[in-house]
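Two complexes are shown next, each including chain A; its partner changes from chain B in the first to chain C in the second.
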Partner chain A sequence: MGILKSWRHPAGWAIFRLDDRLFLIFVAAIVGICSGIAAVVLNRSLVAIFEWIGQFRHYWWSFVLPAIGAALSSLFLEKIVKEGAGHGVPEVIYSVSRYGGLLRLRSSFSRLISSCLTIGSGGSAGPEAPVVMSGASIGSNIAKFFSLNDRQRVTLVGCGAAGAISSIFNAPIAGMVFAIEVIIGEWKAINIVPIAIASVAGTEVSRMLQGNRIAFSHRQFNIDLIDIFACLGLAVVAAAASILLTRTLRFMSGISSRFSSPLWLRAAAGGCVVGIIGIFLPIVLGEGYHPVKTMIEGNFSQGLAIVALAALAKIVATSMTLGWGGSGGIFAPCLVIGSLTGLAYHRGLVLLWPSVSWVNEGCFALLGMAGLVSGILQAPLTGIFLIVEITGGYNVILPLIVVSSISTSLCHYVEPASFYLKDLVEHGQLLRPGTDARVLADLSVFELLEKDCITVKQNMLLRDFINIVKNSHRNYFPVEDEKTGYFLGMIHLDDIRPYLFNSGMYDVVFLGQIMNTEVEVVNPDDELSEILRKMDANHLFSMPVVSNNKFAGMISKATLLDQYRKELMVQTCD
Partner chain B sequence: MEARLFHIFRNTPLGRETLLQSIYFCKKIKASPVIYIPKFTKFLMYFDNDVAQIDLDDSYLTLPDTALRHATELVEQAELKPSFIKPKHYTASTLPDIPTNFDFMCCPRSISDMSSKIGLGYIGPRVRRIVKSAGFPVLIAGPIYKKWRSIAVFFGGSANALNALKLGIRISRESGIPLEVFTQLEKKSEKHYKKIVKDENLEEEIERHVNKWHFFEKGRFEDNLYEVPHDALVILGAYGHGIIRDILFGSKMEKLQSTISNNLLIVGPKYAANT
Partner chain C sequence: MNLTINEVAKCLNLPLSTLERWIRQGRIPIYKNDKGCVFKKSALEKWAVTHNLSFSFPKEGVERQSNSEMENLLPAIKRGGILYDVMGDDVKTALRSAVENIPFLPEDKKDELYETLIERENLTSTGIGKGIAIPHPRAPLSNVIENSAIITCFLEKPVNFGAVDDKPVFVMFILLSTSTKIHLHLLSRLAFCMRDNSFVEFLKTSPCAEAFFAKIADFEKQLDKAKT
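Moving on, here comes the complex of A and B:
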């Protein structure tokens, strides 16, 4: 039994007692390995299903295959594991923001299976976001197993996401940057070191099981200054494509929610549309990595019109898949749409200025991918490092930085929140560490309750009240009903001032006559941000807290500020 | 501040019985019921180191138009002020988060299992998860509303059992209902259990509030349960001996709930009791 207890609490081992960061690094490696394995399993399963289903693609009825996959995926999520549709990344960020990274164990496998069904059958989505959800859940549950605190748990959630992205793309830096930039949103050594270790572990697992391959290898590009200038235009086009994809996804999701039919039926309808598009433009089916490879190698033979049409079709297919209830992420579709956008842009340039010697079109495809990823995630570093690592193309770093930065800025200007964060921002749920919203969210009314108030009854005479005032250091006095104990109102010292110098009134005036009944009160469940808003709007420095009609205490700005500082120090210390 | 009991309302005759039980509990300990009328069949409860997804069956969504009225009527009949909880945060669009800062929570024996809606049933995995993770005791109401005329605390000497005893004393003091303590002697003497109580400085409280301390020397635990009054609120600690012992020998909570139909108030390992 002693051994079991010690195993559950390894933080107590002599080696880790030296520095708890060592322990976190140790657990981060475990999380990285587990999430790396999850990513490899998903990758292999997807390839197997896609290949198996490929033998049916030449039949006329093959357009229903994505519909069947999406319906099964939706049924699996809804009926078996009882989770909502979608890719899950906002759920991970929400959990990190509000609940110290607590995630359900079932999330560690649910999205893997559902995305396998959706993407394997031809749905237009990517496996990266589901694997991020899975890795994050693995990290969270390992933290739970070891009884780690909130801060350590959040780091391990980041480790899971980093391990998963590193493994699926064989891209350790991109995994690390994604976890910090998108999931945790806090660049601190306490997070960076374990996440880096998890990225290495995840990548190593992938290399051991699948070999050390670069996903989209290509030839060397000779980039001139004119190409870099041309990138400015590409950044604008990529940003436009990002915004179009974001808005189409939301539009389709909005349309789908208007139907009262079961989600699996809607998912099937969406899948059916994707299947029909796929008959004419097979590039929209599945994750679409093969055509991306062809484009980067410069071997994509279709003309400008087809390329542009394919980009639009991929946007529609992705929106129909994910917006209508299928399961998967937008990373892979972004890569496909981005490369098509880059290619179309290059062909447009060649058409307009045929005499200029532009760099190979593969380079623009690659830059388009970076523009789309950066634009839609509004995470420029993730876009840059991901493309550098998955293409092995460090020689394109300068235009890559230009495209990613401009695309992110333009998208941020039009859509202030990224695709992952839009819903969270709209509902006020994005609480990054050290921000005002986060500090307030981590405090509760109960922590700030001042209970040293003297309550008085409405039938009390002014004389008795003055005696109470003499022994109190407060200016406010809550008034309660004599029989029920219900809160009736407040008396401020200012309320008795008119009678104070007229002793004849002392035995005539009852508190019930002079109390203020129009008092703004606070409910114990109210959010502190809302309470502060009320205080500011009414120029109040303190408010009574009333629970179930009974006075529970006072809440004041002074106490709030005091606790705010303490909480801020906790959140921002290294 | 007044203690609050969280209740998930089911707008069915069975749900009415459970709510009546919660209301009675609140009246006795001067707590206020906080009622949740679900709009979805699942919700999340985020505890300190765990998140539990509660999957309800469809009966919890029965007749939503009358649910609020029915629940309000029942609470007002008991001269309590109805208070309803409306989720403020959602993990996903159909997955609300329910706060966990309550003092008690009422659960049917199994939240998610249809077969155990009537009868003794079994304590479902979700309820067990809540008991393990929550900082509040869980009231597992019997199938039919029944007033309790005594309080029975099962005391086995563990830390959770001590918390259960402290809670029993508190409820007895607040409600004025007599308290009895039951102990199955397991290769230990009465002195051993009395020493535990003495070490916790509970002797005086026991003297004042406990009517009788029953020690079962012989017989199986399940058989001795016949001594427990049918109209007693049974309070016990759960998960006090560790998972290995529970797996090998079975948990007392499971044995108890499958043998008697009394209302159970279960104290989990995260509950910090004070008398």
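Moving on, here comes the complex of A and C:
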């Protein structure tokens, strides 16, 4: 019976009582396995749907297939599971920074189904972001099941994301780095160890179920110094393509949001456009891993113009799919656009300097992928490790690092926030641990409330008030209405100083006449950053907190500093 | 040793809501069992050290002292006693003979007290006007006396004290206190009595102890009433 009762509190088991990190590692392995399975399931069903749809591809009406898929996916998200469109990664990051990684259980499958519909029918998007959302939600709900605290839950959300990426790409290091660099944003052993375990578990699941295959294997490349110099140019081109993709995506969702028609209709319209593009350039349809494979192997035969056009078409198709309400991630389109960009760059080089013996075009396709991933995510490590692992090409590591870092820097210069974080940064919701914004967001007004102020009534005589002043140790006195108890104004000691030594005034002046009614007040629900901004703007040191018209206490910079420091110390050292 | 959540909040000097949030966010080491959270003192102390936080039980003694009521005028006056017909022609001789006659003071401390009183008198006169003086040492006399005392000395004949209003002094209240705080407290209460002219007239009659104490008790009541 005891075992039955304690099974939801495994942290109390003898072995885990030694150290709760041990317990977290144990749960991380479970999370890694679950999200690994989710990734495999998505991958399998995508392939199945894509093949099944493929038999209709040659009909003239096939261009409506992506439209039907996108509309169904949008309807499913909106009406059945009631979740917003989009790819889900910003939602995960938002929940990690604001709600301790709390995610709904239905998120663990909703994105899988909707992205299946979108991508399987030919929409230009990737399965990675949905599977990250799903893995994160699995981690969050397992943490909730074991009633773990926020900090452990955030780590498990990271574990879920890591397991998902590791499993879908068969890339354990990329999964780990992605979870830490993009999702959690905090490089600490307490996060890294469980996430590493989850990556291993996720990868192992995928290897057991699908075999240990490298997605885009290739031959050895012989890279010369001149190729590394050529990479500098490629990095610039890749950065330009990333910025173009980011801008087009935002532009498209901007246009889409101007229409008042229902979301599923807009998604269908976007899907239609993708379908029409797909008739001429079938490369834009679906996740597009097959063409990437041929490009890296060096078997892509089309010329420069077609390749460049395909890159642009893929950018447009991706924007039409994701910006107009389809469901899916940006990862796979990045890889396709990246390899097309790399290939186009190589074709351009050959055209300009035909006598130079450049390295194989597959190498440039691969570097282009790294440049695009790093540029869009602004996560250079994720880009580097992902490409190394999915291509099994450690011998390209030097140009890879060059392209990744330059592309990231250039994109960061033009677009300070990455594709995932842009919305969060714009709404001030990106709260990485240990930052000023995070500390201020975690502290609430109620925790800083000083309740040692003596409230006075507006019909009190100055004489009585002076007796109160004698026994108080604060300079501020809130004034209330006798009947309602509503807050009316404040009296500062400075306000009565002129009358303090004039006993003739003691019995003729009421506090209602002295009090200052033009005071800036704080609502208990206000954000602390907003309160501080108000204090600075008005040169105030403390402000009254008024809740439901009643005085609740004072908030002052002195107490804030005290609590802020404690919070910072608790958040930053381990 | 296990603590309750309220004790932990007090030890860390935190609002309860912050502590609850820290527990929820997993920032503070606790153990969970079926009944709830367990706070281990040793683990928390260790954690506080690594996080540069102070972790100590609030000192209850300090609070109690500040909250305790300070002694009023009457007990101090009763303890000090009344001296009648104190001899002396000037400040020094008057103080000398008054100090010599303080009953509860050991002989060897009398010289010391006299010196400190004269020292204070040299700074400015303690004659506060209306023929009254309140001689007192500058620093508290905690090593000489155990409790504060006011010795009322009716002089045999008025003495020129160099008072603010140049009136000769006919009564001295030698104010001995154990701390500066009590000194100020007693001084302010004494000054309140002296503001009343009828009391000064009453003092001029060198009243007997019972009548004098009754009068002081009367003033104390007025003071306490004004305060509440």
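Keep in mind that, in the parts below, the second predicted complex is superposed on the first by the 571 of 574 C-alpha atoms of A that agree within 3 Å, B and C clash if a C-alpha of one lies under 4 Å from a C-alpha of the other, contacts with A are read in each partner's own complex, and residues count from 1 in each chain.
Basically, contacts are C-beta pairs under 8 Å (C-beta built on N, C-alpha and C of every residue); 3 or more make two chains touch, one makes a residue touch a chain.
All figures in this text were calculated on a predicted structure; none of them were measured in a lab.
Engineer: Just from the overlay, do chain B and chain C fit on chain A, or is there a clash?
Structural biologist: fit
Engineer: Applying the touch criterion given at the start, work out whether A:563 contacts chain B, chain C, both or neither, answering first, second, both or neither.
Structural biologist: Touch status of A:563: second partner only.
Engineer: So in the superposed three-chain picture, is A:82 touching just chain B, just chain C, both, or none of them (first/second/both/neither)?
Structural biologist: Only chain B; A:82 stays clear of chain C.
Engineer: Using the superposition on chain A described above, determine whether A:147 touches chain B (first), chain C (second), both, or neither.
Structural biologist: A:147: touches chain B and chain C.
Engineer: Classify the contacts of A:573 with the two partner chains as first (chain B alone), second (chain C alone), both, or neither.
Structural biologist: second
Engineer: Touching A:446, do we find chain B (first), chain C (second), both, or neither?
Structural biologist: both
Engineer: Kindly classify A:361 by the partners it touches after superposition: chain B alone (first), chain C alone (second), both, or neither?
Structural biologist: In the superposition, A:361 touches no partner, neither chain B nor chain C.
Engineer: Quick one: angle from chain B through chain A to chain C, Cα centres, nearest 10°?
Structural biologist: With chain A as the vertex, the angle is 60 degrees.
Engineer: So in the superposed three-chain picture, is A:467 touching just chain B, just chain C, both, or none of them (first/second/both/neither)?
Structural biologist: Second partner only, chain C.
Engineer: I'd like to know which partner A:415 touches here: chain B for first, chain C for second, both or neither.
Structural biologist: Touch status of A:415: no partner.
Engineer: After superposing the two complexes on chain A, what is the shortest C-alpha distance between chain B and chain C, in Å?
Structural biologist: Between chain B and chain C, the minimum C-alpha distance equals 7 Å.
Engineer: Shared contact residues on chain A for chain B and chain C?
Structural biologist: In the superposed arrangement, which is not itself an observed complex, chain A uses residues 147, 444, 446, 449 for both chain B and chain C.
Engineer: Okay, in this complex, where on chain C does chain A touch?
Structural biologist: 12, 14-15, 17-18, 21-28, 31-34, 50-53, 227
Engineer: If we count contacts the way the header does, which residues on chain A are in touch with chain B in the complex?
Structural biologist: Touch residues, chain A against chain B: 1, 4, 82-84, 86, 91, 94-95, 98-99, 102-104, 106, 144, 147, 427, 429, 444, 446, 449, 524-525, 527, 547-550, 552-553.
Engineer: Residues of chain A touching chain C in their complex?
Structural biologist: Spelled out, the residues of chain A in touch with chain C are 5-6, 9, 11-12, 17, 100, 147-152, 442-444, 446-449, 467, 563, 566-567, 569-571, 573.
Engineer: Help me check something: in the complex, which residues belonging to chain B touch chain A?
Structural biologist: Listed in rising order, the residues of chain B that touch chain A are 1-2, 4, 32, 42, 44, 46, 49-51, 53, 55, 81, 83, 85, 88-95, 97, 99, 101, 242, 244.
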